[in-house]
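The letters A, B and C name the chains in turn, as written, and every chain counts its residues from 1.
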Amino acid sequence: MLQSLKLLFDMGEYGYFVWPAYGVFLIVLFGLMIESLHSLKKAKKDLATLTINKKEQSDDWVSGS
Amino acid sequence: MFNYFANPNRFLKFANVIQPWIAWLTIILFSMGLFLGLFNSPVDYQQGETVRIMYVHVPSAWMALFCYTGLSISCAIALIWKHPLAELVAKATAPIGASFTVLALVTGSLWGKPMWGTWWVWDARLTSMVILLFLYLGYIALNNAFENPQRGAKSSSILAIVGFVNVPIIKFSVDWWNTLHQPASVIKIGGPAIHPSILEPLLIMGLAFTTYYLWVLLIRIKRLIIINKIRALQIRQALGEKK
Amino acid sequence: MKKFVFIVRRDLHMALRQGVDSLMIVAFFAIAVILFPFGIGPEPNILARIAPGIIWVAALMSSMLSLERLFQNDFDDGSLELLALQPVALEITVVAKVFVHWLTTGLPLIIVAPILAIMMGLPEEGLWSLIIALCLGTPCLSLIGAIGAALILGARRGGTLLSLLVLPLYIPVLIFGVSSVDAIINEFSNKSQFLILSGFLLASIALCPWACAAALRQSLE
């Protein structure tokens, strides 16, 4: 296995294509995941602020609605 | 079970339960696949180390097509049975599928340069992938082109089904076009035969991509459900203020 | 049948009142083709080689220009709702409107295409094939385009969006349309291309009105 490891890092010219390919793979997969998690967090925050506002509004009315 | 998940809150509960499992499964599968692919599989005598690109290129291409199929089926379910979750699955799948298509194209190009000498070759597979990308982009654009999100969802659902029906026609036409213009050599991806030691990491990567897709899908559907809730609240607030 | 004729006559009247529209599309078609010698150089060999492709691509683009308005006017003034509520199937209305679209867009293109082809130096053997292929292909373009036109009713930036939606679906017609001309020029038989184009046409006539009507109904909800 150590030999394959050595071969892996010594790809010669092919390395210029294989590593960018895996790089793009990681960028796309991580990027998509991060973007999805980030937008989910933002949406949760927006929902929270909206429900807090609604609670504050209904607290103002004596009769409550 | 079908109708059970029509309730978004029930689905949210379900999603929260299975998400960690899918997440771990994804990580394990990717680790296995990448290990076997990068360290433990042979080098093709013709293509050298570039054959390792196959382990990301081929599963991406599979997923690009698989996602579009899933997209169209969800859209059909949304139109015929009006199942609210189906609409969300479709809308969430589109950007994931488009990303896979872009990944397939870029890795395909990086594979092609050392193999065929140019960054881009108009071979049938890559060309079909480009058209598929436009089908995805069209769906996403149409979905977002209306003030009323319901209208956007229904309109783009019809588009997805029309596109899906066209996929075999497009594939047939592009294959035909390609054999007409292609000079003698036909590139066969993977070499003359797929050795089991290459097939194994490939299949594991395929599974890994699939669980990754499910993971991101759950996250995006959760977001869409929350956004629907926000919209509903905003509408109720606006109506309430009018009083 | 009477309904069909009625809608055809009504739409034709409206189209002919604005006869300029057809002329504009033909003018766009012509200038789009003529741009290529400026871009590529006037060398006759090259132009002749790419002539079928250029003419077909320009025809696709020109065909799309008038699609946006196919249903828009009726949608805006409410007559689309009335048409949808008729006892006669909406599909028939769609076929009638598409037919008028073809008469005012496709047919003029077919008439002008040979002139442009000669200007691009297309060998004479290819001219008839070009005409027949366009006759088979342009109705398909109108039919498929109608689905797109129905889907974008009420959308923002409908025109640009329409191109994005419809052009990928046009590609099979484009491929076989060009190939039927190329084949004849290179002294191969183009029967199979014509058969395939005819197949596309029949399939479009059968399926597109149905999909288009579904999209229209959905836009009226």
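Basically, contacts are C-beta pairs under 8 Å (C-beta built on N, C-alpha and C of every residue); 3 or more make two chains touch, one makes a residue touch a chain.
Since the structure is predicted, the reported quantities are computational estimates derived from the model, not experimental observations.
> So which chain is farthest from chain A, going by the mean of the CA atoms in each chain?
Result for max centroid distance from chain A is chain C.
> Average the C-alpha coordinates of each chain, average all protein C-alpha coordinates together, and give the chain whose average is closest to the overall one.
The most central chain, going by mean C-alpha position, is B.
> Report the inter-chain centroid distance for chain A and chain C in whole angstrom, where each centroid is the mean of the CA atoms.
Going by mean C-alpha positions, chain A sits 43 Å from chain C.
> Could you state the distance in Å from the CA-based centre of chain B to that of chain C?
Centres of chain B and chain C (C-alpha means) sit 31 Å apart.
> State, to the nearest whole Å, the distance from the C-alpha centre of chain A to the C-alpha centre of chain B.
Averaging C-alpha atoms per chain gives centres 17 Å apart.
> Inside the complex, what are the residues of chain C that reach chain B?
147, 151-152, 154-158, 161, 164-165, 167-169, 171-172, 175-176, 179, 200, 207, 211, 214-215, 218-219, 221
> What residues on chain B touch chain A, complex-wise?
Interface residues on chain B, with respect to chain A: 38-40, 43, 48-50, 52-53, 56-57, 60, 95-96, 99, 102-103, 106-107, 110-111, 113-114, 212, 215-216, 219-220, 222-223, 226-227, 229-230, 233-234, 237, 240.
> Would you mind writing out the residues of chain A in touch with chain B in their complex?
Those residues of chain A that touch chain B are 1, 4-5, 7-8, 11-15, 17-18, 20-22, 24-25, 28-29, 32-33, 36-37, 39-40, 43-44, 46-47, 50-51, 53-54, 57, 65.
> Please output the residues of chain B touching chain C within their complex, sorted ascending.
For chain B paired with chain C, touching residues are 131, 134-135, 137-138, 141-142, 145-147, 151, 154-156, 158-159, 161-163, 165-166, 169-170, 172-174, 176-177, 180.
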